[in-house]
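Shared chain: chain A. Partners: chain B in the first complex, chain C in the second.
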Partner chain A sequence: MTIVATDSPAAPARRAFTLRGYVPLFPPFAVLLLFFAVPIGMMIGISVQDPKTSQFSMASYQRFLTDGLIIAGLFRTILMSGLVAICVTVMAYPVAYFLARSTSRWRAVVFALAIAPELAGVVLRTYGWLIILEDRGFVNDALIWLGFVSSPLPLAKNLFGVVVGLTHVVLPFGILALLTSIQGIDPNIEKAAQILGASRLSVIRHILLPLSIPGIVSSLLISFTMAASAYATPALLGGARFKVLATMIFEQIMFYINWPMAAVMAIVLLVLMLAITFAGGRVETRLHKKLNI
Partner chain B sequence: MKTPTITAAALLAAVTTGRCEQLVVNSYGGPYEAIIMERIIKPFEDKTGISVVYDPVGSASQDYAKIKATNGRPGFDVVVMTASQSLDGCKDGLLEKFTPASVPNLEKLSPAIKRIAGECGAVHELQYMSLLWRTDKLKIAPNSWTVLFDSELKGKIILPTFQNIMAANLMQVLSVKNGGDLLNNVDPGFKAMAQLAKQSVGFEQSSAVMETYVRDGQVWAMPFWNGRAQLLVDSGMPVDYIKPIEGTIPLVATLNVPAGATNKAAALKFVNFFLEKSSQEAWVTGYKVGSARSDIDVPDAVRAKQITTEEDLNKLLLPDLSITAAKLPEWGDRWEREVVHAAN
Partner chain C sequence: MNDIDIELICVRKTYGNNLVVNDINLAIPKGEFVSLLGPSGCGKTTTLNMIAGFQEPTGGEIRIRGRNQAGVPPEKRNIGLVFQNYALFPHMTVAENVGFGLKMKGTPRAEIEQTVRTALKSVHLEGLEARYPKELSGGQQQRTALARAIAPRPSVLLLDEPLSNLDLKLREAMRVELKEIQQQLGMTFVYVTHDQEEAMAMSDRVVVMSGGVITQEDKPEHIYNAPRTSFVADFIGKSNIFAVSLRPAADDRQEIVINGSSIALAIAADQPKVATAKFCCIRPEDVRVVGNDVSAKDANVLDGTICKTVNLGAHLDLWIAVDRDIMIKALVRSSRSNQLKVGNPVSISIAPAAIRLLAE
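The block that comes next holds the complex of A and B.
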């Protein structure tokens, strides 16, 4: 008996590391390093300086954690961004669904209308809302003229006004995020469910919504982060009584000339957005596992 | 992007005009730009042969932030800011110190006003916080800040946000009026402001936006820098403004040269030129503001409304701006808690 030793199939030879394969990564890496990592590093450096002496100090962090006005600004930021994220996603979903599924000739018109707000600048749109919502604005004038109210409703210079303005600003991004996700769902699945007797509501609840979770999470995250970092809309529609972190950062830089405090606020805002993005990813994964999709 | 753009524009201007020396002056746009071009920049170019590139982008605080961020190399050679920024920038070594040798006309300014702006600020203009009022709405012409508290004006006044220095100045004036002082005992000022907040339709940061409330008749009286107030009067609106009897605080505008300015020699020439008697007369009559030079000759109508004499200067309330700047964060917190909170 002859035993023939056979070699196991040869493992593919490991390719030698060559720098050439990484060359395309250099430009974006350099841009990120130069315009993101370096400024962030500088910002962290500034945040641990004393505003007067520029010596090392954690005073600005301490103040952030103990100053009731700043903490209130942080909570207002979270509340405002959360509301905007929900409003945008709820309003964007039907529009995105229509755009993904419709073959109507109106589809192009609806798409153009959905993107149209981006054609005008944020400041211009915000001033438009101010004219509509302020005490002597279009809405209040109409309500008073029709006799529904006797004095103007507080529609601007508060949370309501800012949420309305920001929802308008962010809505196109929510639509685009959801559109991509819904377009990825095979329409035959919905048709099959309906052929098998599922109601339209059941299709939405058991098929469409679970399968579009990535889009919903993306819309919520994009909307939240865009709202949290927005300056012009909260500044114009929020006024003196509704201050959020972004407007407070501007004040610290421009008016109080307290860059360490502004840097601390900016770092907290960045950490907040990173935390929300991370949490959003975790929620999406859990939902996928729970729904077994 | 602004710096390369300005540099390119400056180079282009120099090449096309064939002039070697050039200067980038940063200031404001709108009516200010038209007046400074006609009254100051054109005569300066004619006299010195130096070509000026005018950069109207950015408010004084934005310009100062730029100087700070670039460590004194913001891309412009002369900038119009305020005395507070002059003091802060001087302390941090971001602005050029002026001397009688580099800017001889500094010696002609009122010593008190010159002191306010420190070594790096050349005071080229004085405004004051006036009381602006609608002549078609108020039956009697006011003469005091107390008119803002009248029940007739409930819901007919507007206040600046604390980020507009007028807010702190009004609080300081009301503090003095009610038994406090300008810096250390300002409790009466905050108490009065809280009362005033209940009268107000709201708060606005920008003077331009505050102006719209007066234009559409929603607001009948408010504090306002007198330079802008005069522009409203000149536009034919039914408004007038006064220096209230209790006194007022000036807005001390300064010319500054960043420490790293490229064309420093030309910048110093420009600063000195702006402070010349004839330039100050042209500026006071053109932009309708006051001057820190009391030797200028201006028409009586202008003199009646502006700060132009030693007597006018002596009547001003002059808080130490360094101490004011140091107290702003604390006052800002109080403003939020006591004044904004008290508003309806």
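The block that comes next holds the complex of A and C.
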């Protein structure tokens, strides 16, 4: 919306065909305005209505801040997304490093395997995890059969199950974010450190990690926002008890028919993601400056 | 054996069916400046990478200070390496870059500072300690890379075309400086380059490589004056190379005939015997353009026409056609350029001693 607002016509004296130059930008602006700015405006409008009388009211905001269950849902969302972001980034790093550096024929295979899960739908993959993780699922059956546990471990219908499922869904995006960053690091820099006596671990600590911080930050950001906005995976793997903002919004609309409350939750979720992205961007710029890259 | 720093014994490297380095034998004594010289794809960089430990040889043995390096990773070899693109650590200052090797060795901080200062002084970079690589010129980056490599005092320094990204003036200045630094430190330098001038200017010994084998290794002046093969003669400096056949001449002497022509040239009697000489090499500076006063008795005198001239400033490159297909290049002082115009007839003389026979 701000983009549209700042699009002020430039002084005609400086450039004659200013308006014509902007013509190609109109279709995307129109699309953004219609499908992005207008709905968000409507959402903000709905959020300040009273659920029953449709009069102007901040009641839903008030309830969000005072209702312990909703606040718990917010913190659960942050915890879940944070865990997913960390798990994805930690797991994606070695894969991205391999893809960035390898010249082996397996590179193409690994790349395909890393990206292939995206071809299957989220719902399909989530059901897959449910089959693996539920009480009568593959993992629990195996553990019981092997005698490690006597009763099923709670692997699904909780935070653990959702984090596992979401990590799987988001992983390819983390890999791609890190891959771009690691590919930008000259392999000779690692070699130079090595010949100067740095062990593999020292190369990672002193060279690789500092230089790939931009990639790490963007992987964390992408993973966090994707996890926070995911609906299907927490809905299926989280069960009735594990509620996050995305599933709570759905509940408010479908079960309670409370659109204003749903709108408030959606706005909080949006602000949360904007704040994280902004903070991440700030951190990245500062590190960029500090790292001189 | 103690003063041999690096020894390559029958070292070979293959990638699939591709033989990159073919049974190389080389011994580099301590404190020597050795250049591995050859065109791209001759195996010189692969050889360097094997010495550094980034690649394992497919066969043979690499010894550093007498110890077999099979399975020894690069970080345990105590070798310095200067990369063509410098590969400085962009997130570290000049001082941190130069001190990195010492830090990895666990050297105390005060000692690191001291050594960094000394290293930066030896490459004339005092005062730039706090700069980041991005804030340095190409030449300064190059010096930083050099300081970083020599600061931990490796016994051997490998240099992979370190000057090729610098402009000509700086490159020539750095040649002199590199040689000085090497002599000051008494360090063994292994210098990989495709630039024969660099190799000639700095090295105690030049190892010419081609197609994965060592074609010739010798002092620079010997390589230039006595190339063993037509490849070396052609690669090192400029030369006239002709396919020739030998034939006996009067007084037990021998002469050569340039194949496909009627030109016969007398060769020196003390010419090292090359029983199966196939080529001869004549350096352009040994081809003398003579006037009417031909007095050199022993010289081979040929008449020809100037086909092309290139003014190099102090010197003039001449292409002289002496027979239908035979073109001889000559290098003369520019002061005579007004007589040497394209199309003018000219006589040239070649001393028999200047003609070198080559077996291959």
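Operating definition for what follows: the second predicted complex is superposed on the first by the 270 of 293 C-alpha atoms of A that agree within 3 Å, B and C clash if a C-alpha of one lies under 4 Å from a C-alpha of the other, contacts with A are read in each partner's own complex, and residues count from 1 in each chain.
Please note the rule applied: contacts are C-beta pairs under 8 Å (C-beta built on N, C-alpha and C of every residue); 3 or more make two chains touch, one makes a residue touch a chain.
Everything numeric in this text was worked out from a predicted model, so none of it was measured.
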On the A-aligned overlay, A:289 touches which partner chain: chain B = first, chain C = second, or both, or neither? neither
Scan A:135 for contacts with chain B and chain C and give back first, second, both or neither. first
Quick one: classify A:186 as touching chain B (first), chain C (second), both or neither. second
Which of the two partners, first being chain B and second being chain C, lies in contact with A:20: first, second, both, or neither? neither
Given the touch rule stated above, what does A:210 touch, chain B (first), chain C (second), both, or neither? second
Partner with the higher number of touched chain A residues, chain C or chain B: C
Contacts of A:196 with chain B and chain C, given as first, second, both or neither: second
Output check: A:105 vs chain B and chain C. Expected answer is one of first, second, both, neither. What do you get? neither
Residues of chain C touching chain A in their complex? 52-54, 73-75, 77-81, 83, 85, 87-91, 100-101, 104-105, 132-134, 148-149, 152
Enumerate the contact residues on chain A facing chain C in the complex. 186, 188-189, 191-199, 202, 206-207, 210-211, 290-293
Using the touch definition from the top, list the residues of chain B that touch chain A in their complex. 61-62, 64-65, 68, 88, 161-163, 201-205, 216, 218, 325, 328-329, 332-333, 336-337, 340, 343
Within their complex, chain A touches chain B through residues 67, 69, 135-136, 157, 239-241, 251, 253-259
